[in-house]
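Chain lettering (A, B, C and D) follows the sequence in which the chains are written, and residue indices restart at 1 in each chain.
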């Protein structure tokens, strides 16, 4: 078949577009890898130590990893039960006519930029935590965790609600027809269908929590130290993202410190990508909707 | 509106299981059912017939209050079951539904094993030991005429069954919770003729123990199965009587036309 | 009655969760609205900021944010349209289809600070552009890309095959089918995606704070390689001096305006989504 | 939608056409208020020269001069030899514009409770983590919230040099690490037992500067007088860095800062003028 000129130009245009769109992510990965290479080769396994003191040549990132994981665990232990229980209410108990309003509210809430959560965190949350626990400073790992829980809550609710809502009504009817109470209908007929989607939703939430920067950066205290005792979250800490957000622009390009920071970014990116891709490809199938 | 002859209220000689008194139903503004007065006889098969949109499904779905969960639904009047109004507020709807079972238009099996589907409801109602479970599965699958086909693969996925088998599995599941009344909402609508016949035979065998209410679009099927017939049109009960009488000697012209599958203008 | 009890308990717990969530939501909205409205005035919206942002308004921050995201939208649109067309109409190999989907989903999941770092390395350092609003727009365009590609792809994919076949039956070639039948539908989807992407992009701080924004002295950039001031980074600067009541008040005002812009974009996006849906279902 | 785009781009085009020159400045948040304000006033005199000012810290000021991204870097400490070595092709040139003191500051609650002067050794013990309660310094029984700054900040370099003789000294006793002076000031205000390091221009009702007790047991308070005379032990110059001798607009701006008007701005911001 002979292609007309416009068809040829058009085809090469759309082809270039898809190549660029899909290559960007690979480009980002490559750039991070190249720039962290200096750290990988010069520091090696030494990066997995706990002291970060560039002037003394110490580039241990364990404190940042600890901070990221601790903040993530706190955020998810709050957001998951609260979010799923709320989603159960909106999807199963709430009359359908209110659903639209609830969903719209949630979308708006999910759209609040993270810097504004940071502002709220620094003006209210950290002060409350300081007073409640009688601390010297409320800028703690706990504050970061709670703030992230609040941030990610709309996402958890709205995705879980979708998951529950997508279960065909016939299963609910059939279970009700057998004389089951709402609780039993949910547990035996609805949840088994929704559990995959909910798992996907939680993975996405996890990725979002790990990657969140601004809000955490303002309230966590930014000290590169693993708390003593180990599980004391009422102490300040540092996450990978807050470390990057504070210091990357102030570090000389090409220095070993810069490279070690980029290595942290690479680590973060690999984990978040793994969660996101897992969630979108293995758990969240229907409609191929994107979630931020 | 139409000045029709006054309705002859059918007075069944057998005791009635359910009585509907001045029952009205609405979806939002639409008045779906108007002043329905009906009593379903015990251990008989009553078939609701009528053109699409006549309110048959709404009526049958009101009897176990499954419509309550649909948005914008409202009703008035009374539906009496063992002399109690089931529409009274404060009634335990879940408990009502264990007494009034329902089989839906499309077979809906849960994503578990065949045995798991049979036990799906009963498992919540009482604690069951292993042998009890086995007995229940076997008894109810037998009662639903499915035992022979599936007895060697009770642990298979229920979705591996054919549609007709799935529908019988749904019936077995309903029987397991020991209802007094079973509602069938067009149970053969999505099945092939052979599977439909199997369901019809099953209904006939079930009426010895249960009161059956049944919605069908298929007039021949109604003729084969029903003891009593209720003909609805545009939300009103046009005629109600024994199947034999309605087919051979209907009092209403509309009934005659509809049952003879002629064009019927309600 | 333990079944009933358990059911009651379940309803109780889930209503409790709802109450808690509602309380959080009400708190967030009332704090932002109340403080924001108190800070708002015409002069706040229309004057430049002075002395660390504690005085004056946010006029150039609003302008800078809009300039950056709208430019990002312009960069993103042709790329997203092209990619969606290829994915929907040319990419028939199932494996490649899946691979492209994974890469695009992955791009969507990248933490925003990583985009900032990417921009810092590639543009500011390697290409030596310096802190530049246009680099910020490019990075924001990349961030928006997956949303727009997917929205466009879905819009095109939902067009029934019969339309393509009818057009082909009239003798149109593949590209003519694309431009004549698919593009109009796809464009509507792209606009929806763009609006939703804009809503996200305008609130982002981490991607632009290293590469695109300056603290003061800038009003409207005169060249591509000049920095700009933007709302989110302005709020960041103000949040760091949260005990100064004037700075805090301006921070709330700026937050309120920012949320207003986000809401404007997302509501327009949602409306365009519903409107567009009814068109395709007709 | 399309109209909006057109509107914006016509604005940009409009501005792009007008002839104007740009001076890019970034660096220390201590120098920042002076420069921002000076830039505003400079602009009134020279409307065709635009000055873009960015924060980031002294380290940023030096690095970006080295990388050629800035016209002027702001620093609030000395240039380090390592920095000069890192950019061999850059001829760093510093221009002092004012003087400042880095002062150990505490929350007003601590100051009012009687802690108004410390020795450098005591401050060192606090930052090493050896002293953790104000009681040890005969203050109230309250834990000390020790505030550190990001490692590239000039204020930290000067402070740590004075306390530990090592500008990059680690502070194992620190509780929070903060960035700009504003952020540090906010954290001190929010706490009732904090100690931090700040330029004396950031004192306020809740943030009090301590006097430093010297070896001869004389307490020197951070007054303008003591800073001007260098009697206060932690003083520093506020400087601008350029690559080579400043020329043209850059020179014009630096000269403006050294003029009487410029020095008045330095003084208005709480620093000590040098001319």
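One rule holds in what follows: a contact is a pair of C-beta atoms (placed from the backbone, for glycine too) under 8 Å apart; a residue touches a chain by one contact, two chains touch by 3 or more.
Nothing here was measured: the structure is a model prediction, and the numbers come from that model.
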Which chain's centre, taken as the mean of its Cα atoms, is farthest from the centre of subunit B? D
In terms of Cα-based centroids, which chain occupies the most central position? A
Gap in Å, rounded to a whole number, between the CA centres of subunit D and subunit C: 35
Roughly how far is subunit B from subunit D, going centre to centre by Cα mean, in whole Å? 82
The distance between the C-alpha centres of subunit A and subunit B, rounded to whole Å, is 50
In subunit B, what residues contact two or more other chains? 124-125
Subunit A touches at least 2 other chains through residues 122, 181, 184, 249, 253
Where subunit C touches two or more other chains simultaneously, the residues are 3-4, 125, 240, 242
Please give the residue numbers of subunit A that touch subunit B in the complex, ascending. 95-97, 170-181, 184, 188-189, 192-193
Across the complex, what residues on subunit B touch subunit A? 64, 66, 69, 71-72, 94-99, 101-104, 106, 108, 110-112, 120-121, 124-125, 170, 173-174, 177
Interfacial residue positions of subunit C with respect to subunit D in the complex: 50-52, 66-67, 70-71, 74, 124-125, 128, 130-131, 191, 214-223, 226-227, 237, 240-244, 247
Under the definition above, what is the set of subunit C residues touching subunit A in their complex? 3-4, 6-7, 10-11, 13-18, 20-21, 24-25, 28, 31-32, 78-83, 85-87, 89-91, 98-118, 120-122, 125, 142, 145-147, 149-150, 154, 173-176, 178-179, 199-200, 202-206, 209-210, 232, 235-236, 238-240, 242, 248, 251-252, 255, 258-259, 262-263, 266, 270
How about subunit A: which of its residues touch subunit D in the complex? 53-56, 122, 126-127, 130, 136-139, 221-224, 235-236, 238, 246-247, 249-253, 255
